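Naming follows writing order (A, B, C and D), and every chain is counted from residue 1.
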Amino acid sequence: MLTYNKPTTVDEAVALLKQPGTRRRVLAGGTDLLVQLRSGRLQAEGIVDIKRIPELQNIREENGGFRIGAAVAGAALGENAALRRMWPGVVEGANLIGSTQIQGRASLGGNLCNGSPAADGVPALIAAGVRCTIAGPGGRREVPVESVVVGPGKTSLAEGEFLVDFYLPAQAAKGGDAYLRFIPRTEMDIAVVGAAVNLVLDASGVCTAARVSLGAVAPRALLVEAAGKALVGTRVDDAALDAMAAAARAACAPINDKRGTIEFRTHVAGVLAKRAAKIALERARSRA
Amino acid sequence: MGNEGNKFKWVGTRQVRPDGVDKVTGQATYGADFTLPGMITGKVLRSPHAHARIRSIDTSAAAALPGVRAIVTAADFPDLPSEVVAGGEAPVNYRHVSCNTIARDKVLYEGHAVAAVAATSTAIADEALALIKVDYEVLPHVIDVADAMRDDAPVLHDDLITSGVDPAPKKASNIASRTEFVLGDVAKGFGEAEVVIERKYTTQPVHQGYIEPHAVVASVAADGMATIWCSSQGQFMVREFCAKLLKLDDASIRVIPAEIGGGFGGKTTVYLEPLALVLSRKSGRPVRMVMTREEVFRASGPTSGGVLHVKLGAKHDGTLVAADIELAYQAGAFPGSPAIPGCMTAFACYDVPNARAVGYDVVSNRPKCAAYRAPGAPLSAFAVESAMDELALQLKMDPIELRLKNAAKEGTRALYGPKMPTIGFVETLEAAKAHPHYSAPLKPNQGRGVASGFWFNIGGQSSAAVHVNEDGTAVVVSGNPDIGGSRASMALMAAEVLGIDYNKVKPIVADTASVGYSFLTGGSRVTFATGKAVVDAANDVVSQLRARAAKLWKCDVEEVVWKDGVAYPAQGQTDTRTQLSLAEIAASAARTGGPISGKACINAGGAGPGFGTHICDVEVDPETGRSSVIRYTVVQDVGRAIHPSYCEGQLQGGAVQGIGWALNEEYLYDDKGRLLNPGFLDYRMPVASDMPMIDTVMVEVPNPTHPFGVRGVGEVPIVPPLAAVANAVARAADVRVNDLPISPPRLLSAILHK
Amino acid sequence: MIPPPPGTGGGFPRHAMATVILQPAFARRLTGGVTNLDIDATDYQALVEQLDEQFPGFAEAVASHVAVAIDGQIYPNPLLEPIGPTSEVFFLPALEGG
Amino acid sequence: MSKHHVSTVINGEPIEFLCETQQTLLDVLRDELGFTGSKEGCGSGDCGACSVMVDDRLVCSCLVLGAEVDGCRVETIEGVAAGGNLHPLQQVFLNEAALQCGICTPGIIVAAKALLEKNPDPNEEEIRFWLAGNLCRCTGYDKIVKAVQQAAAIMRS
């Protein structure tokens, strides 16, 4: 029989999750977990609902950046004006997860830990240089977001560990980010390609730092360092954007599946990276 | 369009549907909403293989599970002969229906039902399914229609000999039939042609996509009397199929129609009903069965995909002199694709002196196809209307002008034989040409496509009764499920004939024991055929009312005329003292001979053919291959719009289904023949944000065989969109994709390699 | 009240004969390939009886699997539909719909 | 088998129920409590026919466990009409024929109501994207979008 617990503290949750022998699953928004349990793709003997743990449900400003609880619903992220202003790309990614109804439940923590290479919430987090807090039997540890997922459906979380929150650093004075994804329809699809760009300009408009992340073109979301490098030291002109797009395409290792072909994913990855970079550039420039 | 210039008081007005309040408040009872005391749950065990022989089924472990009340397999069903017999209106092979309901000997597609369990809870039923041991001998399978036609293809049915070929083939194949229609001399026609377009097209099977999964509650009493509550497109169809499959009398089955959550043709056959009936009979408990969405995709019928070769021959001035189409439609696991209507409708829009259509009905290891809006027509229209667009481009002719030049009119001989009766195709073309949409400017990467379409529409058997209540209100009883506002149409027509307020007329959809036989809600027949029955029944009431007035006035019935709900003496109609309203006559019914009730049972012929012309604008993103429909206009001859809003709804809904068919909807299989996208996530039906508003223009060329001029409207609007979209994309992207769906990867690849 | 639709009642004065037209495949099976036949009948049943005399098995063949078009109007299951002296009669596959 | 005891407020009325972990809120509403206005079209959050409000958030009740709503407020289609009076959305859907088969209508009305409470004057694009999670196969969405616009206008005035 399937158990259900709703701990109110992180320690309580860890205690439940570390119990040997019982396969317990962490429930945040449940928009992936419940579907996978019903379809039989996942098995579980117990469900640990982490939404009643206060720190997993709040968004707070910290050292000029934001700490976001792993279970905060997409809709709540979208309603936070300060967060939207500083990290519009991160919020765009989070808000592209599913329908309005899904937004009422789906969390960034769940989107990440579900381990899908196509997760819309993840590339922008990687581009933003986000760090995650993971709690477990051994206490808490902090890791870069790109190290959490290791492959389709697989994370680096150890037995009994779970994701507590994300720390989004302060955006640079002239920094901007953006996320774009391609789907066949306008809504309700899994990303066929996702691209996030976060770049920083100096006073003269030259790019001093850039991070480019791609989704759905490899077994997990990629941080494409070469693509970022292609922008650094440039004014993000067409030549630089072409070089960046070429680097992005070169990093793609997609598959043919029901959602897209290798040719399509590789080509569109470059297209979206370029379009996202242009939006990020505009946002960086528009900052006072 | 409202009812401006409308000579009727109610017909043509936009009234609130009588069943509306229940449907906006959540009170309406659909298939899965019905419960009975003691009801238990039925679930189906489905084949994991695309093609396999069933060596044995061991249900003993499942039967031993506490809470399991009944288990059925094909052994519980009569082994019917394989013969085509007359069904409700069209021929049916009941063995095929039976074997599709529950597999006998062989499973023919992934998801094919092999056993069913009834248990006291869904969890127990699921557990029981897992305990049923089926020993399969897995056989090679074939999915695609072209592969299924090859000599070396795995054969699904050892006894399937291609019909329509003489001499008849000696060995079995997957080709169930070959059908040919010929008009004039095609070879001679192409000899005279100055321009010839010859192309190959392919389309994918698409699901009707109704949001309500199939659902049924069946209860069999100790005396064998069965009652079935279910949502379907025909309670009489459900009764007939259950009776034939289980060798029962029609009289021993009563089917009570639930509200139906969409059908579009997909609910014109049975899946769960016979299983639920037998499970209830075995368990002695009412049994409810509801499909999951995944089951709907894996086991219920899509419409066919096909391979179509089209050849058009024309003069330089655009006059068509010859046309040829050869099409192969995949039927799924059992014969019965709409290849024949595909052939018959292919060139029906045009006056072509020399034409030929050849159709092949081909089985493969997919769910048996079911009807879907204008079955067969959208595929052949996609091919023919795409070729017409290329012809127009090659002749540097306006695509509407080309169609006008060749348009079928009253008296035009159709390839399938008869001359066209009164039709309104030219009127739809003229209206489309005059529509502001057609001359609106286009931006870069935008293109405008035009396409037309035809559907016969059907009539057939319908029954109706009109009861006059003591207070002068009336009840209209008919036997067709209301799938999109037909109760309102029935009430409007009855109110018009009786001459009383629409709100005093309450329509109901009766069960099989409460109204005479009525064929399916389908084929765009209800407002036409059942509407005709309602009008006849109301006229029957009117003659009774006149007779009652005559009695009260002690005059001959001929001396009583009926007008606007009031009986007048034939002479001196201004003499208001001697008028009798319907209410007054109803009040005196007991004195004048008892209740007043009219009925009509008819077999309606002369359904007026329907034609439509669609204009579609798309914008293509040349870097990603995405096509966005940015403007869409549907023009259709509806004969007479009884309820204009619900007519428009049919036009809009049909168009959007066609747009989904053109752009994204398809079935994806792995190499084992297993469906990869059995859900709304990856079976991509249009969502609200994908669509623009769908503009509609209803042309009214009344059908002379209907008292109000009604033509069916539901089928036609899904016929033109496939080509309208494809033609728009071709003109926007400057590259033509002849294989549906025109999904982004497919279009981008065409753009990158053009 | 609404008048009955035109052309639904009564026979026709007899002058010429109705023409029955069959699709080639159908004709090969039933009439030895003859696709056009002139029949003198006032209703559908009489027409089929005459055809069945000339081509035994015809009546059975058209009993259930076909619709019939008389002067352009399609009838799912005709019996006494009137046939005019200049009528054209076609046998079609039965039609359904979604 | 021990069940979870859940206390909740549904359409303003305190309601307690027992459920197993795997029962979704939709299962509980339909099978245990008789609120069959919420429909199951897919069971995977892709069709929106089961849309309800939980603590003022629009969700698919097929993706919420019954056990999760302990102490929460749930609003379903059955609670949209105040007493005998239809909500403006319901009345406009009737007047404008914004439904055909009606199976998606409860979910769409619940979702549209949530939109209008958040944004009293949405434009066409905002309505279409807000309702993208509510599939309708009958109407092509045209009359639904227009009905929501018209209801919004009525509710503003």
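Just so it is clear, a contact is a pair of C-beta atoms (placed from the backbone, for glycine too) under 8 Å apart; a residue touches a chain by one contact, two chains touch by 3 or more.
In this text the structure is predicted, and so the values were computed from the model without any measurement.
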More Cb-Cb contact pairs, comparing B-C against A-B, go to B-C
Which integer distance in Å separates the CA centroid of chain C from that of chain D?
-> 55
Averaging C-alpha coordinates per chain, one finds the centres of chain B and chain C separated by a number of Å equal to 27
Can you check how far apart chain A and chain C are, centre to centre, with Cα atoms defining each centre and the answer in Å?
-> 70
Just curious, how far off is chain B from chain A if you go by their C-alpha centres, in Å?
-> 44
For chain A, residues contacting two or more additional chains | 39, 186-188
Listed in rising order, chain B residues that touch 2 or more other chains are 208, 263-264, 680-681, 686-687, 689
Determine which chains touch and list them pairwise.
-> A-B, A-D, B-C, B-D
Where on chain B does chain A make contact in their complex?
-> 294, 623-626, 628, 663-664, 668, 676-677, 680-682, 684, 686-687, 689-690, 743-745, 748-749, 752
Residues of chain A defined as touching chain B within the complex = 39, 182, 184-190, 192, 258-261, 263-264, 267-268, 271
Residues on chain B engaged by chain C in the complex (per definition of touch) | 84-86, 89-91, 164, 166, 179-182, 208, 263-266, 268, 340-341, 344, 371-375, 416-421, 455-461, 496-497, 520, 522-525, 535, 539, 542-543, 562, 603, 605-607, 704-708, 712, 714-715
Can you list the residues on chain D that touch chain A in the complex?
-> 1-2, 4, 20-22, 24, 43-46, 48, 51, 54, 57-60, 62-65, 67-68, 70, 111, 114-115, 129-134
Along chain A, where are the residues that touch chain D in the complex?
-> 1-4, 6, 27, 30-31, 34-35, 37-39, 47, 49, 51, 73, 75, 98-102, 104-105, 186-188
